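These are the structures in question, set out in turn.
What follows is chain A paired twice: with chain B in the first complex and chain C in the second.
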Partner chain A sequence: MAKRFDVLVVGAGPTGLAAAQAAASHGAQVGLLDAQARPGGQVWRHDVRHQAPRAAREAFATLDNVTWLAQHSVVANEPQGLRVETPGGSELLGYNALILATGARERLLPFPGWTLPGVCGAGGAQALTKQGWPVAGKRVVVAGSGPLLLAAAATLRAHGARVLGIYEQASAATVRRFASQLLHWPARAAQAAALRARLAGVPYRCGSVVQRAHGEAQLQGVEVDGPRGTQRIDCDLLAVGYGLVPQVELAALLGCALQQTGKHPRVRVDGLLRTSVPGIFAAGEITGIGGLAVARIEGTMAGHAAAGFDQEAHALRAQRDKARGFAALLDTHFALDPRIHRLADARTIVCRCEDITLGELDGFGDARDAKLATRCGMGACQGRLCGSALAELGRFPRSGSRPPLFPARLATLAGHTSLSPSDDAYRGS
Partner chain B sequence: MSACANYDLIVIGAGIVGASCADAASAEGLRVAIIEPGPIGGGATAAAMGHLVAMDDDPAELALARYSLRHWEAFAELEEAEFSRCGTLWVARNEHEYQAARTRSARLASAGIQAHLVDAATLYELEPALRPDLAGGMLVPGEAVVYPPRVARHLVQRALARSATLYAGRRVVALPTGGVRLDNDTCLSGPVLVATGCALPELLPMLPMRARKGHLVITDRYPHLVHHQLLELGYADSAHGDADSSVAFNVQPRPTGQILIGSSREFSATDAEVSPAMVQRMLERAFAFIPALRGLQALRSWTGFRPTTPDGRPYLGAVPGARDQWVAAGHEGLGVTTALGSARLLVDLILGRQPAIDPTPYAPSRVTA
Partner chain C sequence: MSRLLRLSVNGQSVDVPAGASVAAAIAQATLHFRRSVRGTPRAPLCGMGVCFECRVRVDGVAHVRACMTPAVEGMQVYTDG
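This part shows the complex of A and B:
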């Protein structure tokens, strides 16, 4: 039988935490689930060495009033509810209202050498480092675009990495214009200043793009193209990320209408964060990349609305709109330089699961056609990474997804709630 | 239709069947046009397991399968075909099924297809992952699996290299006398071959066709768990029975090391959505034969529709009551296996030659007579 909640929240980042708290404040029975073992999402991810920020600790404290479901991954939608995989089996979770707070993933773009061990996403490097990945003493280049680079570099440094430099693709002039706008956002300005202080002595170069990663079996260095020409930097690690894209797969699986912004889809919502499917709400990054402030306000709005308190939700709209204004500022100032779209050449691998190069996709105008002919997008990630990259490169949007949302045990798809001892016996070879 | 581009044969639909026909016709020197609105091989062909298998319960189907399987040998070395001769191992749960396997292997052998019984001990040597207490089985060592959509693409490209013309992204909307009309109002003239699978009644409403939905699930890579295409001997009951819905144990090792799990059959489901209930039934059936499947990681599930005629045999031949109209459609769950033979049979009929196998059982006139 399905467990049932008044309000079920998927994703325990700042959005989901705020949503759960707001819904629970009205006395609703709230379930909050996340695939991770700890709440916090991307920004407030548990750090093995450092204490969580105060806002995060306060948000975690509200979990007392909600049913916290750690290591619960939604893998499919069934008539009675969501099929959720757990380490010990699976569950079916029913709801009266559902809040999707599945957040964003990094926009990773292919360039020659990007699949070498030692190259990873900027957010990915930050997450791994917080989880205890040893970076002490490693020479690290941080590159890509947006404020996430500063945050990633600060975490890496706090864990003992030698950050050789931060290479931002936006030009110095745009970054200056952006900085001058920060006057209107004192809290953001303070945040930025604090980050810069933690990064004292680390060069921050604008108009600079990593165009190639060198190495045989392991990263040895990168080639950076900047305003003063091309330079080679020897390093052990490259953390490169070009901002974020909304993770809309679960929403799409549930039938929620999506809307295209630029080259990537986001979940379409109305003023009360209702999706096109009755009873399903979406908040935070999946409704458009907006950052921490937007996430927390929208989470709260969705929590109120899902519990049936529309007035309370409505009251936050102006505040949310203002916070979205900052996101728009980021969007315009850190827009990608077209040369980034030209970095990958015909031999650059685009689909890492199936080892498909960009050249192999020449002549295909449609993801499905390309998939059937080349296997591009058929692997474990089901086109999440290559699909976003190919959309970004202007090739074609990703093709439709099917259950499971993430690789899941066959026993889970078969509806087994507990694993029999033999189920994990076969590990292949 | 004098202002229209003229061809010796206009093939409508580029699934595995239409692609095979276009290939065979162009090899005979015919000037061929191919019309396909979607990706090549993007219909039922893209959903299929790609198992090349002879079913022996209908002599006509067996003759067509055997004839086709011979032609598949020409693709054994073709990279795009992803041809893997894993053989088919039919599993008997009990003595009754084991005895049935005896009859079946004799029937296959008399049709020239090598098949032999395997006792329980041999069964577990061949497939240690099978659950205990099975009675034995039947091994058909020459059978193989392929990757159907890429074969369809290869066949179309081969036809194009012989100067066939592909009308890609176009759909046939009508069959006026002497040719076809496309959705952009272009007309083509010449003899027509309709190979539109489940969509057949849209162009030829007098030929009944039902779409029989199937589900498949594919796993991550587990290269040494199973070695043969595995089916339960009761499979034919699911495939050829008329129950509204049924499942059967049908598991395939892909050349990638992945495991492809089928199969389900439903007549009344018309949407392409993956049905959790059906997937659950199908997987339970598979677990009952291979318990170790339960812990494997699934990557994707999908559905497809088998074009199914009232008697389960394909329509291969002249469209009743029409001139210069031919049909090749309705291969149910065997269309990949039988596409190559179907195409040769049809091209022989079109050219007025005697086909290598008796065409009468497939004549479309059987349903309109």
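This part shows the complex of A and C:
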């Protein structure tokens, strides 16, 4: 039998937490699930050493009014609801209204050497550091694009890493223009100033791109191409990320209409965050990368609307639109330099799951043909990484989303709610 | 500083603070989490459960994403490195 909620929220980042809280404030029975063990999503991820920001702690405190479903990962859509895998088995979760708050992942782009241990995303490095990854005394290069680089560098430094430099691909002139716009966004300006203060003494270089990572069994150094030529920097860790892309896989699986923003899809919603599928709402990063402020407002809007309180949702639209304005600013100023699309050469691995190089994909015009001939996109990540990268590189977009959404146990797909002891030996293998 | 947990990674004892992930525990011992299909060493890339580069064997269960799994006292972890 399916458990049933008035409102089910998928994703417990700032969007999902706000959505669950808003829906529960109207007396709705709310379920909030996340594949992670703790709420907070990425931006409010638990840090083993440092206390969460106050806004995050306040949001976690409101979980008392909702059913919190940790380590619940949606794998499929069934007539009665969502099929969810847990560490100990699986469940079917029914709902009257569903709010998708699946957030974003990093835009991770291939370059020679990017598969070496010691190379990770910028947000990836931040997440791992918060998980207790040993970075104290390690030499770290932070690179890529956007404000996330500053946040990642600050976390790394707070855990004792030696941040050798932050290498931003956008030009100095563009970054200056962006900074001057911050005058119109006092809260953001204060945030940026606080981050810079925490990073005092760390070089911030614009117009600079990591074009290669060196090492045999693991990373030993990187080659940075900047306005003053190419330099080699020895380091233990490279944290490199080029911003974020919406995670639309579940929305696509449920049949919600998507729309393209640049090279990546986002979920299409109306003014009350309704998707094209009745009863399904989408909020936050999956409706277009907007950042924390947008996430929290849209989460609240979706929570109100999903509980049937449209006016409360509507009242927040102006505030949301203003917050989206800042996101648009980021988008324009941190647009990717075309040379980043040329970093990968024919021998660079693009599909990390199946070890398929960019050269092996020459001549293919769509993801399905490439997959059938090369296995590109058929590995454990199900084309999330190579799909977004190939779309970014202008090769071809990812093919559609099919169940299971993530690799799942056969017992889950068969609808078994709990694993028998004998399954232990087989699950996942 | 929070309480420490002791895990075994490839037979080697490692200590991590409570609340740490299995990925963080492994990194105390090795950066080689798995071997790719063509045999090259890999380590976590995304840190959030998307890339599957951190998958290892935990208490006999294969293909567990180390970055998504909270460290537990006494866990037996094996990498493919």
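Keep in mind that, in the parts below, the second predicted complex is superposed on the first by the 425 of 429 C-alpha atoms of A that agree within 3 Å, B and C clash if a C-alpha of one lies under 4 Å from a C-alpha of the other, contacts with A are read in each partner's own complex, and residues count from 1 in each chain.
Note that in this section a contact is a pair of C-beta atoms (placed from the backbone, for glycine too) under 8 Å apart; a residue touches a chain by one contact, two chains touch by 3 or more.
Just so it is clear, the structure is predicted and the values come from calculations on it, not from any experiment.
K.L.:
Looking at the overlay on chain A, is there a clash between chain B and chain C, or do the two fit?
P.N.:
Pair status: fit.
K.L.:
Is it chain B or chain C that touches the larger share of residues in chain A?
P.N.:
So, of the two partners, C touches more residues of chain A.
K.L.:
Once the two structures are placed together by chain A, how many degrees is the angle at chain A between chain B and chain C, based on Cα centres and rounded to a multiple of 10?
P.N.:
If I round to tens, I get 80 degrees.
K.L.:
One more residue to check, A:P117. First (chain B), second (chain C), both or neither?
P.N.:
Touch status of A:P117: second partner only.
K.L.:
Taking the superposition on A as described, I'd like to know which of chain B and chain C A:P403 touches: first, second, both or neither.
P.N.:
first
K.L.:
In the overlay, answer first, second, both or neither for which of chain B and chain C A:P79 touches.
P.N.:
first
K.L.:
Looking at the overlay, what does A:A411 touch: chain B (first), chain C (second), both, or neither?
P.N.:
first
K.L.:
Just checking: does A:D337 make contact with chain B only, chain C only, both, or neither of them? Give me first, second, both or neither.
P.N.:
neither
K.L.:
By the touch definition at the top of the document, which applies to A:E312: first (chain B), second (chain C), both, or neither?
P.N.:
A:E312 sits against neither chain B nor chain C.
K.L.:
Would you check which partner chain A:G379 touches, where first means chain B only, second means chain C only, and both and neither mean what they say?
P.N.:
Both partners.
K.L.:
Can you give the closest approach of chain B to chain C, taken over C-alpha atoms and in whole Å, for the superposition?
P.N.:
Minimum C-alpha separation, chain B to chain C: 7 Å.
K.L.:
Of the residues on chain A, which ones does chain B touch that chain C also touches?
P.N.:
Looking at chain A, the two contact sets intersect at 379-380, 407, 424-425, 428-429.
K.L.:
State the interface residues of chain A toward chain C in the complex, per the touch definition above.
P.N.:
Checking each residue of chain A against chain C gives 35-37, 42, 46, 48-49, 71, 105-106, 108, 115-121, 123-128, 131-134, 217-218, 247, 352-355, 379-381, 384-385, 407, 424-425, 427-429.
K.L.:
Would you pull the chain C residues touching chain A in the complex into a rising list?
P.N.:
Answer in residue numbers: 1-2, 16-21, 23-25, 27-28, 31-33, 36-38, 40-53, 55, 60-64, 67-71.
K.L.:
Could you please specify the touching residues of chain B with respect to chain A in the complex?
P.N.:
Spelled out, the residues of chain B in touch with chain A are 39-42, 46, 129, 149-150, 153, 217, 219-225, 261, 274, 276-277, 279-280, 283-284, 286-287, 291-302.
K.L.:
Taking the complex as given, what residues does chain A use to touch chain B?
P.N.:
Where chain A meets chain B, its residues are 76-79, 83, 366, 368-369, 372-373, 378-380, 382, 402-404, 407-416, 419-420, 422-426, 428-429.
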